[in-house]
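Going by the order they are written in, the chains are A, B, C, D and E; count residues from 1 in each one.
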Amino acid sequence: MNDILPDPVLSVRDLQIGIGNKLKIVHGVSFDILPGETYGLVGESGSGKSVTGLSIMGLLKRPLNVTGGALHFLGHDLRRIRPRDHRRLRGDRMAMVFQEPMTALNPLAPIGRQIAEMFVIHRGMDWSEAKAKAVEALESVRVPSPEERARAYPHQLSGGMRQRVMVAMALACRPDLLIADEPTTALDVTVQAGVLELIADLCTAEGTAVLLISHDLGVIANMCQRVGVMDRGRLVEEQDTKALFENPMHPYTRGLLAARPRLGSRVPGERGRLIELEQMVADEDRGHDVPTLVTPRGPRKEVTA
Amino acid sequence: MTVAPLLEIRDLSVHFNLPRLTPFGMRRILHAVDGVDLSVKEGECLGIVGESGCGKSTTALTVMGLQEPSSGQILYRGQPLSGPGAPGRKERARIAQMVFQDPYASLNPRQTIGSTLLSQLALHGIARGSEASDRVADMLVRVGLSPDHAKRYPHEFSGGQRQRIGIARALMLDPEILVLDEPVSALDVSIQAQIINLLMDLQETLNLSYIMISHDLSVVEHVSDRVAVMYFGRVVELGHWHAIFSRPTHPYTRHLIGSVPNAEAVLGRSRGVPDPVAIPEGRRFAPDISVRPEAGASREASSLVEIGPDHFVRLADSISSPKAKR
Amino acid sequence: QGETPQDGGRLIFTAGYGSSITSLDITATPHTQDEIFSKAINASLYSWDPVKAEPVLELAESVEKSEDGRTYTYKLRDATFHDGSKLTADDVIYSYNRLADPEKALPGAQQILAIEGVEEVQNGTADTISGLKKIDDMTFSITMTDLADPGWSLMSNFAPIYSKDYPEDKLASQPNGLGPFKLVNYVPGSKAEYEKFEDYYEEGKPHLDKLEIVMMGEAAARDVAFRNGEIDVNILGPVQYEAYGQEAGLQDHLLEVAEVYTRNIGFNSKVEAFQDKRVRQAINHAINSEVIISKLLKDKAYPAVSWLPTSSPAFDKEAQPYAYDPEKAKELLNEAGYGDGLSFSVTATPNESWGVPIVEAIIPMLAKVGITATVDPVEPPVLSDKIFADNFDAFIWSNVSGPNALEAMKCFYSKTPQTACNYVKFSNPEFDKLYEAAGQEADPNKRNELLKQANNLLLEEAPVWFFNYNKAVMAYQPWVHGLQPNAQELAIQDYADLWIDDSAPESRK
Amino acid sequence: MQLRFNLTLGAALVIAVLLGALTAGWIAPFDPVMDADLMSSELPPGGEYLLGTDGQGRDIWSRILYGARVSLAVGVISQIINSCIGTALGISAGYFGGWWDDLVNGLTNVMLAIPSLVFALAIMAVLGPGLASLLIALGLTNWSWTCRIARSSTLSLKSQGFVQAAKTAGFSDLNIMRTQILPNILGPVLVIGTLGIGTAILAEAALSFLGIGIKPPQPSWGNMLSDARELIRAAPWAAIFPGLAIFVTVLGFNLLGDGLRDRLDPHMRTRKA
Amino acid sequence: MSRFILRRVLQMIPTILAVVLIIFVIFSVVPGSFVSSLLAEGRNVTNAQVVSHLNEQFGLDQPLPVRLWDYLSGLVQGDLGTSYRTREPVWQTIAPRLWPSIKLALAAMVLAAGVGIPLGFLAALKPGSVFDSATMVVAVSGLSLPEFWFGLLLMYAFALQLGWLPSFGYQPGSISHVILPAIALGVSPMALLARTTRSGVLDVMNADFVRTGRAKGVSEPRLVRAHVARNVLVLVLTTMGLQIGALMGQAIVIEKLFSWPGIGSLLVDSVATRDIPVVQGTVLVIVLWFLIINMLVDIAYAVIDPRIKVG
C-alpha cells in the first residue's frame, strides 16, 4: 500500500468531441487510468461513452473529431501524434474489444489468420510463425481445441466464442491498455460471466489497464476498481467502485443506482415500484458544465504480474 | 373449485423445418418449443426466463396466434384458441395483446401514433369520431404521454416513449392478457424503471394478466408472481418467484441466477464472478446450440416434479447432464 | 471498263438484304440475299444477259426449237462440278425433278412450272416430269406448256443444276455446283469465303483467286465499312446515294441501273371507294411523287408511268405519268362523291424506299385533298399474310415487273388469284382480253404491242398508285472491275467476270 | 453533397422534360405530323427550324416536344404497370409464403432469365405497333426487380413488431399488406420504378430500332432516332437531338432514382451527415 | 459439389419448361408465319402447292397442344427440332453462333468489370470527392445511352474518323473486331458495376470488422486489400452474374448493328422469319446461359464466402 500513484497509462484531460465546432458531443471529460487498473465508464445510451473510447483509439468517424483537450498515452500526445504512429500504437499498445461479436470479425477470413495478422503487423513475424502464436492466443482465452478452431470462420462460432476470439486478438500483443466497449451486452448472462471473468483474469495477469465501458452497473461493480459516470457528454462523478456504490455523490448517479431492479431486492409479499431517475434528478439539473465530483483513489491492491 | 385458468398452454410444441443440407439429405427439424405446459391465472404475472433461443418468443407468438403450434393447445378459459371452432383473428384480438421487444420496429414508421391507435378502434367498431379520439387521448395519458402526441410519427419519440406507445396500442382493445416479450431489454436502465412501473400500475388498475418474457432475471423477479425457467424448448423449473430465486433447484436455474453480475453481492469481495459451482458441467464454454437432435428418448423420462408448494422442477434434466442430452 | 482483266486477288462483296442467309441450298429459299451467295457456286441452264437484256444459254451449247414451238432440245457444254463429276443430261433432269418433288416443298419449284408434267408431279399423280427427255448423255429435251421462251424462267438462279450423285443432305452445308467459286468457309450470320474453282467451264475465268461475301443488313454500318475500305462493293440506300454522288472519289465509282421493280400502293377493290376509278386517279394526282422521289429517295428511283418499267419492250415511251394536281384530285373526288372525306389505312413494312416513311410523306399530301390516310405498320411476313387474307385497305410494296412483261401483266388478270399476285383483285374485261391475246401471240413484236395497250389501260385505270421504278445503285472501290448493270437485281453479279487491279490495297492481294 | 446534387439535377431534368411534354401544344412551332414539307427536308438547325428538320421535312424541335409525351407516357405508364404487378406479387409472395411464394419466385426467375427485349419483341409482334401495345409489352416484362425487392422487404417487415401487432389487433391480411407493408416498401419500389422509367424509354427506342414501336408518323424519340439512323452523316442533327433527348431524360430519371435511393436509405443518410 | 450442381440443374427444369411454354404460346399467336415470310420480298411468287406442303412438313397444320407435346418430347431427348428456314436441326443452326456470342459477352464483361470495378473502388475510397462525383455521373450516363445510337457513334469515331478499329464483322481469333461491339454492349454493365462496387465498398468500409481492423492497427491500404476487397467482391458478384447472364440477350441490337454472328442476331432473324423452332432454341440458349452463369456465381460464392454451403 502506498499513496504515491504510478504514472497513468492513459490520461484524458478536458476532452472535447464534436462535429466541427458547432455540435459538441463530449464536453470536457477528464480521467486517468493507472497501470493494471480497470476503469469503468457508465452512463445512459448516448452519453458519449463510446466516442470517448474511440477518440483514444483515434478511430472517430469523419464528422466527429476531437475538438479540444489532451490525450496522453504512455508519453505520447495522442492529439499531436502522426496518424501513422497512432496506428502503430493501435493493436500493439492499446487495443479494443467491441460490443457486437457477430459483426466485428471479418466473415471471410479464418479467425486464426485474423489473430495472426496482429503479430504480422506489430511483431513483423511471418505468417506461419504468427499462426502458431495465434493458436497460443486462442488457447489463452480458453478456447477448446485451439488448433482446429484457428481454422474456423467466425460464423462457425457461437457469440461467446467469438467474443473470446476478440479478446484474444486484443490481448495478442500484450497491450498496456484495453478498451472494452460493452463487450458482453450482446451475450447471454451465462456466457457474459465467462467472458468477463476471462478479461479480468488475463488483464490481472498481464497488468493490463482496462477501460471498461458499460451501462450495466452490475458488470461495473464486478470488474472495476474505479468508475466514472457519464451523463450527456459529461463526466459527472468519479470514485472508487465501492465508494460509488456506497456513497454516490451526484444525484444522477444516485438515480441510476436506485432505478435499477436488483436481483434479490424484492421482499416476499410485496411488489414495490422502482425508483425512477426523474425522482432523483430533475431534467434541468442535468447537462450543465459543472466540475466532475471526484474522490481520491483508495488504497490500491498491488499489481502482481 | 376447478375453474379453468384464464390461459392454459398445454403440451405445446413448435417445430421448424430447417432447409436440408444436401438435396437428399436428412430432414432437419428444430424443436423450438418442446412440450411446454403453462397456465396463467386471472390477474397474475407469469415470468418466463431462459437463455437466448430457448423458445421464449416462440411460445409467446404461439399464444398470440402468430405462430402455428405443431402440437398442443392454447386454451382460453378452457376454450381452444386454435384449431376448429377457435375464435377468429378479430375476436382473439380482444383476448390477448402483445408488447414487442424492439420499440423501434414495433411501430409503423409511416403512420401517426393517433392513426395507429384509431384504426384499431374503427376495425373493432368500438368507437368512432370524437369518442374514438377521446379514447386515444385517454390511453395516451394513461401510459404517461400527452394527448397531442397522437399527431406525431414514431421517429419523433424516444425509445422509452415508443415503448409506452406500444403498450398503449396493446391496451387499446381492452385485452385480458398482455404478452410482454422483453419489454424493457432494449431500453436504458433509467427508462426501464419507468416502463416497469407503468406495467405494474396498469396491471393493478386494469386487472390484467401478464406473460412477461425476459432474460433479465432481476426484472422478472421484480414483476412476476410465478416464474418459468425454460431451457432448450422446455420448462425446466416452474414456481412462485420467491421459490425460484431463493431455492433454485434445477442446475440451469442455478447457473442462470449465479451468472447475474450483482453489484451488491460482490462489493464486499474485490472481484466477484459468479459461483462456478453453479455452472453445470460442460456448459461453461459450450457453443450455442441452435439445432439439436430430437430429444425423443429422454422426453418421456423427464417430467416436472413438484418439490415444494407450487414449485416444479424437471427431474430428468437435473439428473442427466445437458451434455448427455445432446 | 474496256481494259484487259487481271487475274488474282481477293474481293469482298456484300449482301445487304439481311444479317444472315437462309440456306446455301438455293432451291430451298426464295430470298435475294441467298441468291447473292449461291451465284458464286451454282449455274443454271440459262443466264440473264444484262447487256442484251434477255436470257441466254449458259450450260448448253445449243438449243433447237421444235415445230410446234413447245419442245426444246439442248446440247450441254462440257462442265465440271466442284466435286469433280461431269455435267450430264441426267443432272439436269434430276435437278428439275427434285425441284418439282412435292415432298421437298422447294420454293424453287416456281421456276419450272411451265414445263409440261410438273403439275402432275406436284399433285402426286406422276413420279417424274413427263416434259423432260434424255436423249444421250449430253443431250436432252424440254417440253413446255406454253409458247413462251423457257429461258425466262430457267435462267433463274433459284433453279440451278445440281449433280445427281451428290448427297442431298450436304447441299446446305457443303454445296456443290458448277459455278466459278468453291465455298471454303461459311460463318453463319457473318460471311462466306470462296476460292477460285480451277475447272470452271469458262476459259480463263474466274479472275479472282478469292471471293468473300459478307452479310451486312445495316446500311449505316455498310457505309462506314465501305468508306473504311473494309468492303469492295456496297449496295446504296437513298441517303448514301445522295452522299456518294456528291463526294469526289466516290461519285466516279457508282453503278446505276433501272431495276425491274415497280413500287406502288395497291388499292383493295373490296374498299368501296377504291372501286371507283376516279378515286384511284385522284390519289395518283394528289401525291407529288416527284418530290418524294427527289427528297426521300434522293432520286434513287424513276417516276413510274404505269406498271411496266421503262426497260420493258412493252413500255410506251409516249405515255405520261399522272401529274401532281391536287385541284384535279379534289375535282375527281367530288365527282365520285367523296368530296367531303375518305379515309383508309396503308399496310406497310418499315422499308425506307417503299414502306412506312413513304406513307408518312403522303399522309399530309392526301390530307390536303381531304383524304385521311393512316399507316398500319407491319413486319414483312405479316404484310403478305394480310394481303393474302384480304385483310387490308391498301398496301405499299415493291413488286417485280419484269423482265418478262407477260408474266408481269399477269398480276392484273382477273383470273389470277389474290394469293398469286393480283393483290388488288383487279378485274377489267378489256384488260383480260388484251392479256389473253398477248398470251396466244407467238410474234414477240405483236405481243409487245398488245401488252403496251394493256399497260396503258392500267395507267388509265390506276389500280394502284404508281410510285416509282427502282433505281439500284452500287458503289465500288476504284480497283474493282467487271460489274454489270443487272436490271433484274443489281446485287446479283456474275462473279466470274469480276477482277481487281493493282491499285487494290494489300489486304486484297 | 454529391447526393443532393444528383437529386436536384435529376429532378430538374425530369421536370424540364415533363414541362416540355405538357406544353408541347403551345410551344411547339409546328405540327409534328402534318407540317411536313418535303421541300424543306434535312435543313440544318437554326432559322425557322430551331433544331433543323428531318428527312420528311418536319420540325425536329416540335417532334421532340411531342415525342416527349410518348416517351414519358411509355416510360411512366409502363413502369407503373410494372410496379403494380411487381409490388402486388412481391408483397403477397413474401407475406403468404408457401407454394404461392415458390410460384412467384419461379416466375420472377423466368422473367429475369428471358431477356425483356425478347419478351417485348414477341408481345409487340402479337399486338402490332402502337402506344397501347408498347405499354403492355413493356409493362408486363420488367417487373421482376420490383417483385424481388418487394418480396425481400416484405419478408423482413413481416416479422417486425408493427406488422405482428396489426395481426394481433385483428386486421385482415389484405388490410395489413395495404396499410402496414405497402407504405413501408414504397420507397425502394419508387426508386426501382424511377430507374425503370429510364429502362422503358430506352427499350422503346430499341424496339423502334428493330422496327416495332410507336405507330408512325406519331413522333416518339425512339422512332425519330430510328428514322434518322440513315441520316447520321447527311443530317446528323436528326439523329443527335432525339438521341440527346433520350439520354438527358433517362439520365434525369436515373439521377432522380439514385438521389431518391440515397435519400430513402438511412445508411446513406447518416453517412452524409 | 456435384450434388449441388445436380440440384441446380434439376431446379432449372421448371424454369425451362415455363420458358418453352411462354415462347410457344406467344409465338403461336404472333401474326405472320414462316411461309408468309417466304413471300415477303414481293419478288418471287411461291406457288400454293409448295406453301401447303411446307405447312404440312413443319406440322404447322397441327393444333397447338400437339405441336407443344411434340416439341417437349423432342426436347427431353435433347432434340431442339428442325429449323424451318435452313431445314437443318436447330442445334446445327445455333451451334456456330454460340462462340461469337459468348466471346462478345465475355469481352463486354471483361471491359465492364475491368473498368467499372476499379472506378467504383476508387470513387468509394474518396466519397464526396470530385473524382467520386464525376465517376458516378459518368456511370449514370452509361446507363442512359440508347445502345445502338452509342454503337453508331463509336463506329463513326473509331472506325471511320480515326480508323483504329474495324467497324464490323467477326473474325475468329481477332481481338480488334470485338472491341467496338464490346464497348457498346459493355457500357451499361460497366456503369452498373461501378455503382454497385462503390456502394459495396462504402458499405463494407462502414462494417464493424473494418473498424476492428483499424483497431488492430492495420494500415488503410492493407485493410482495403486484405479485408475490404474480398467482402466487396461478394457483393459485386451477384450484379456481375446477373449482368453476364443477361448480356447474351441484351446483345440483340448490338449484334445486328455490328453484323456480329451471335445468338442475338439469329434470334431477331428467326423472329422476323417466324422460324419458331430456332426462336425457341435461341431463347432456351439465352436462358440456359443465364442460369448456368448464375450457378457458377453461386459456386464462386461458396468458394469466396465460407458462410455459404454448397454441396
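Rule of thumb we're sticking to: a residue touches a chain if its C-beta (ideal position, glycine included) is under 8 Å from a C-beta of that chain, and two chains touch if they have at least 3 such contacts.
All figures in this text were calculated on a predicted structure; none of them were measured in a lab.
The fewest steps needed to get from chain B to chain C, moving only between touching chains, is 2. Relative to chain A, the most remote chain by averaged C-alpha coordinates is C. Chain B has its Cα centroid 32 Å from the Cα centroid of chain A. For the pair chain A and chain C, the distance between C-alpha centroids works out to 90 Å.
Centre-to-centre spacing of chain A and chain D amounts to 53 Å, using the average Cα coordinate of each chain.
The geometric centre of chain C is 44 Å away from that of chain D, both derived from CA atoms. Across the assembly, chain B contributes no residue that touches 2 or more other chains.
Residues of chain A found to touch two or more other chains are absent. Shared contact sites, meaning residues of chain C that touch two or more other chains, fall at 220, 378-379.
Contacts from chain E toward chain C in the complex involve residues 31-34, 36-50, 53-54, 56-57, 85-88, 93, 96-97, 100, 152, 155-156, 159-160, 163, 166-170, 172, 255-262, 265-266, 268-269, 272-274.
The part of chain A that touches chain B in the complex is made up of residues 44-45, 142-144, 157-161, 164, 188-190, 192-194, 196-197, 200, 215-223, 241-242, 245-246, 255-256, 259-266, 268, 271, 273-278, 301. For chain E in complex with chain A, the residues that touch the partner chain are 207-209, 211-219, 222, 226-227, 230-231, 234, 304-307. Contact residues of chain C toward chain E in the complex are 18-20, 22-23, 28-32, 102-103, 105-107, 109-110, 113, 122-123, 158, 172-173, 187-191, 214-218, 220-221, 224-225, 227-228, 230, 261, 349, 378-386, 388, 397-400, 419-421. Note for the complex: chain D touches chain C at residues 33-36, 38-39, 41, 55-57, 125, 128-129, 211-212, 215-217, 227, 229-234.
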